[in-house]
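One chain, chain A, appears in both complexes that follow, with chain B as partner in the first and chain C in the second.
Showing the complex of A and B:
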């Protein structure tokens, strides 16, 4: 029943999308134009409503466990808690593709609604391109990855959802990330439309600014949430692993960040038009590429759903067509830009920011796709280890942080102020604090010191900006200050976290004790508990701090989920503002010993808060508008 | 004579290309030092010129009855059903690290048959495993 409804609705949606495309062509052909933009707003509203209904149909299928739908059968189970039945809807390839389409459609509608009164030719071209994208993904959904496929005969019970996906953070992580990832489609479309319709320069910048900002904010939040999930769920005890899937969410983020800055140059100074267009095209291209890399199973990552080569092929073809089309239009229509840059001006610094972003992007891209090339060309299997990223990226972050502090205060066109005094004072202050930190704890490598110094410099510089604007009674919206401060704090806390973490892996029996630096870990007992959808072996560990006589009880679990039968390790984490205590336990075949990973990780909470602060800066600006 | 504008351009271009070349070399060098090649026990034993001490990834199955744990390390044998290598590991083992299941150990050879691992990867669940491993298991069967 639901399956038929779903399929019919998808089919109607395809027809609707085709009709929007058809009417767009009619509208753009002046002789045949006998209707206004209002018609498109209506059609888009239908399209949005319809997409939402399709999505809810699938959710209903999950809620009522309609196992005649293959997707529900594969990813759900009657005994699963209701919350995870619902979130399971987008916890699989087909469902998440449906979510993807919803975001595409929503952005299309909102963009139309917000720009109803502006240049109609540009607007309808944007809508046209966007609807081609929607059509492409709808066809993909309908033909290749249909979430409403039937299973005959109807199974009595579903296979269940992978337990590591049964988690609240992971329930909201995909929707957030998709708003960022897929939201970038709208300025991809707008960029192509701008090239065709000739709406260029600062006019164009004003049109896309809001959308770049929105997608950037959500992308930042989405990445943070994914990282938090990996930290407590995967049990590796870190927050960033340079896994291909993390990389492919980070790559569009770099381009978005570059775009966010260069759009300002385009708006204020009417320069860098071609560059902004390239960035717009790149963002969505990279989003689709990322999806291709993880979904096709070419790269090995946590997000590789059950592999199906035909999916990869479809996305690859779609991607190639998209890139080819965009590049052709770009080459044909792009006009020569004029650049008048003086060395010491805001625009030069923003360009520098873009170069840094390009560097980060390129490095991560090389690291991520290199294994594919070696496999295809030389048949050798390699993987790129995390040291590659650390060695290449970390040193470059230092000058980046310094510039990030100074640049926002430099004025447009040509700057004549002299703030050497302030800079040297703040650098000395940062060095002093850095030496205090390291003197009282332990000595560390040169690069760590430089990272701490430069991040402190960024923090102080941004704060002093805030106070001086406050003194001058210019109450500007502090979005830039909040975001830059957030970034400074993020790097600062990552630096401290990296240098002052304690980590120890060991094997231990029940009743034994183990001493790790100034902690004494007592393995007190083991208990078996039964929950709604899993059984668990719970260990009780008392962790005594020998220095301040504090005592914490940590209870890591080994969970055995029944549907599907899976073993997972649940880390036990005691979170404080200043540090996390982190303990995972796993059993070892044929022995009484348990394998323990114990970590004291300083400032984990602060790392998450700083990352969230970065996106809060963006949200402040959105709501100011 | 070259005009000032042309001179500037040439200067800019040379600077740009030099930076680009230096940057690519820098990246390539680091990349080369950090590549982890995937090997099976047979690769290591049959091939004479494997460098001892170089970081690699070793993949195969954990041999039955081979896991031995003491208070600070775990020893087990990785086999591809033709050859075997003893692995010593001092870290935390992942989900589903079990005998007769697939495993990938990251580390280096101490001598011909003895491998020191600093990271051990196994599959997260029934549907997920490192693709390298899938092939090893497929070939073994």
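Showing the complex of A and C:
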């Protein structure tokens, strides 16, 4: 029943999308135009409603465990808690693609609604291109990745959802990330439309500013949430792993961030038009590329729950057509822009920001695709992991942070103020504080020192900006202050976390004790528990802090899930504002020994909060409008 | 201009970073650089698999024997191939290591020329 409903609705949606494309062409042909923009608003509303209904139909399938739908059969189980039945809808390839389409359609509708009264030619071109994207993904959904495929005969029970995906953070992480990822489609379309309809730079900037901001905010939050999930669920015990999938969510983020800054230049100074267009095109292209790399299974990663080569081929073809089309229009329609500015101006600094963003992006791109090339060209499999990224990227973060501190105060066109005094004072202050940290704890490498100094500099500089403007009662953009402060804090806490973590790996039996630095770990007991959908061995560890006589009980688990049969290791984490205690255990075969990984991770909480602060800055700007 | 000089100085000492041979043998650091071959994208430090347990013991033994970090990596690469280490060796993959910096440098040059050009148009 639901399966047929779903398929029919998708089919109607394809027809509807085709009709929007048809009417767009008619509208753009002046002789045949006999209707207004209102018609498109209506059609888009139908399209949005229909897409939502399709999505809810699939959710219903999951809620009522309709195993005649293959997707439900593969990813759900009657014994699963209702919450995870629902979130399981987008915890798989087909369902998440449906979510993807929903975001595409929703952004299309909102953009139309917000810009009803602006240049109609530009507006309808944007709609047209957006609907080509929608059509592409709808066909992909219908033909290759149909979430409503039938299984005959109807199975009695589902296969269950991968236990590591049964998690609240993971329930909201994909929707957030998709709003960011897929939201970027609207300025892809707008960029192409702007080229065709010949919009001026600052007009274009005003049109896309809000959308860039929205997608950036959600992307930032989505990445943070994914990172939090990986921290406690995968038992990796860190905040970033340079996993190919993480990388492919980070790459569009860098372009978005560059775009966010360049759009300001375009709006205020009417320059960098072509560059902003390129960035717009790149953001969505990279989003689709990331999806291609992840879903095709080309890269080895933790997200390989969703791979299949045939999908990869479709996305690759789609991607190529999209890029080819965009580049052709760009070359044909691009116009040169004239502008004047001096070397020491805000324009220069924003270009420098783009330069750094391009570097970060390029490095991650090279690192991510390099193994594919070596495998094809020389048949050797190479891993490019965290050490590569840490070594190449971290040193460059230092000048980047300094620049980020100074740049926002520089005026447009040419800056004449002299703030050398302030800079030197704050640098000295940062160095002093760094030496205090350095003195009280153990030694750190040169790079670590520089990272901490430069992040402190950014923090102090941003704060002093805030106070001085507050005193002078000048209107100030709080969003910039909050986001830059958040970034400074993020790097600062990452620096501290990196240098002052304690990590120890050892084997131990029940009843034994082990001393790690100033902690004493007692393996007290081992129990077997049985839950609704899994059994677990739970260890009880008492961790005594010898210095302040604090004591914590940690209970890591080894879980055996029944549907599908999987073994997972649950870390036990005690979170404080100042540090996390982190413990995982695993059994060593045919012995009574357990392998324990114990970590003290300083400021994990602060790292998450700082990352959230970055996106709060963006949200502040959205709500001010 | 001053800014650009500062950055150039930065690059110069970045390269030393690349070539410097690290002789410290911190157990955890080595574990983090070794891929668990039977897992999905995890290092042996992060994984709880049997393979990881065994390799951890092997590494611990080799550290006890007084082998350096590089020697341990070489040993593992010979046995399992390049796939096992997360940090690609510089000699075989120098393109990978240098590309980002070449790109950064090129970007810097483009930026520099752009700014210079803008200043010229102003005087014209």
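The working rule: the second predicted complex is superposed on the first by the 620 of 625 C-alpha atoms of A that agree within 3 Å, B and C clash if a C-alpha of one lies under 4 Å from a C-alpha of the other, contacts with A are read in each partner's own complex, and residues count from 1 in each chain.
Note that contacts are C-beta pairs under 8 Å (C-beta built on N, C-alpha and C of every residue); 3 or more make two chains touch, one makes a residue touch a chain.
It should be emphasised that the depicted structure is a prediction, and the values quoted were computed from it without experimental measurement.
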Chain B and chain C placed together on chain A: clash or fit? clash
| Touch check for A:569: first (chain B), second (chain C), both, or neither? | both
Counting only touches as set out at the top, which of chain B and chain C does A:398 meet: first, second, both, neither? second
**Study point:** Partner chain(s) touched by A:244 [first = chain B, second = chain C, both, neither]
**Key:** second
Would you check which partner chain A:595 touches, where first means chain B only, second means chain C only, and both and neither mean what they say? both
May I ask you to decide whether A:366 touches chain B, chain C, both, or neither, giving the answer as first, second, both or neither?
both
Quick one: is A:407 in contact with chain B, with chain C, with both, or with neither? Answer first, second, both or neither. neither
Query raised in the report: Once the shared chain is lined up, is A:352 touching chain B (first), chain C (second), both, or neither of them?
Result: second
Original post:
Can A:79 be said to touch chain B (first), chain C (second), both, or neither?
Top reply: neither
TODO: Have a look at where A:384 lands relative to chain B and chain C in the superposition and call it first, second, both or neither.
DONE: both
Footprint intersection on chain A (chain B / chain C) at 234-235, 237, 300, 302, 304, 359, 362-363, 366-367, 370, 380-385, 387-388, 391-392, 505, 569, 584, 586, 588-589, 595, 597
Touching chain C in the complex, chain A uses residues 234-237, 241, 243-244, 300-302, 304, 338-343, 347-348, 351-352, 355, 358-359, 362-363, 366-367, 370, 374, 380-388, 391-393, 395-396, 398-399, 403, 447, 503-505, 569, 584, 586, 588-589, 595, 597
Listed in rising order, chain C residues that touch chain A in their complex are 1, 3, 6-7, 10, 14, 17-18, 27-28, 31-33, 35, 40-43, 45-46, 48, 50, 53, 56, 81-88, 93, 96-97, 99-101, 103-104, 107-108, 111, 114-116, 118-119, 121-122
Chain A contacts chain B in the complex at 162-164, 234-235, 237, 297, 300, 302, 304-306, 359, 362-363, 366-367, 370, 380-385, 387-388, 391-392, 505-508, 514, 564-569, 584, 586, 588-591, 593, 595-597
Given the complex, residues on chain B that touch chain A span 23, 26-27, 30-31, 33-38, 55, 57, 62, 65, 67-74, 90-99, 106, 124-128, 130-132
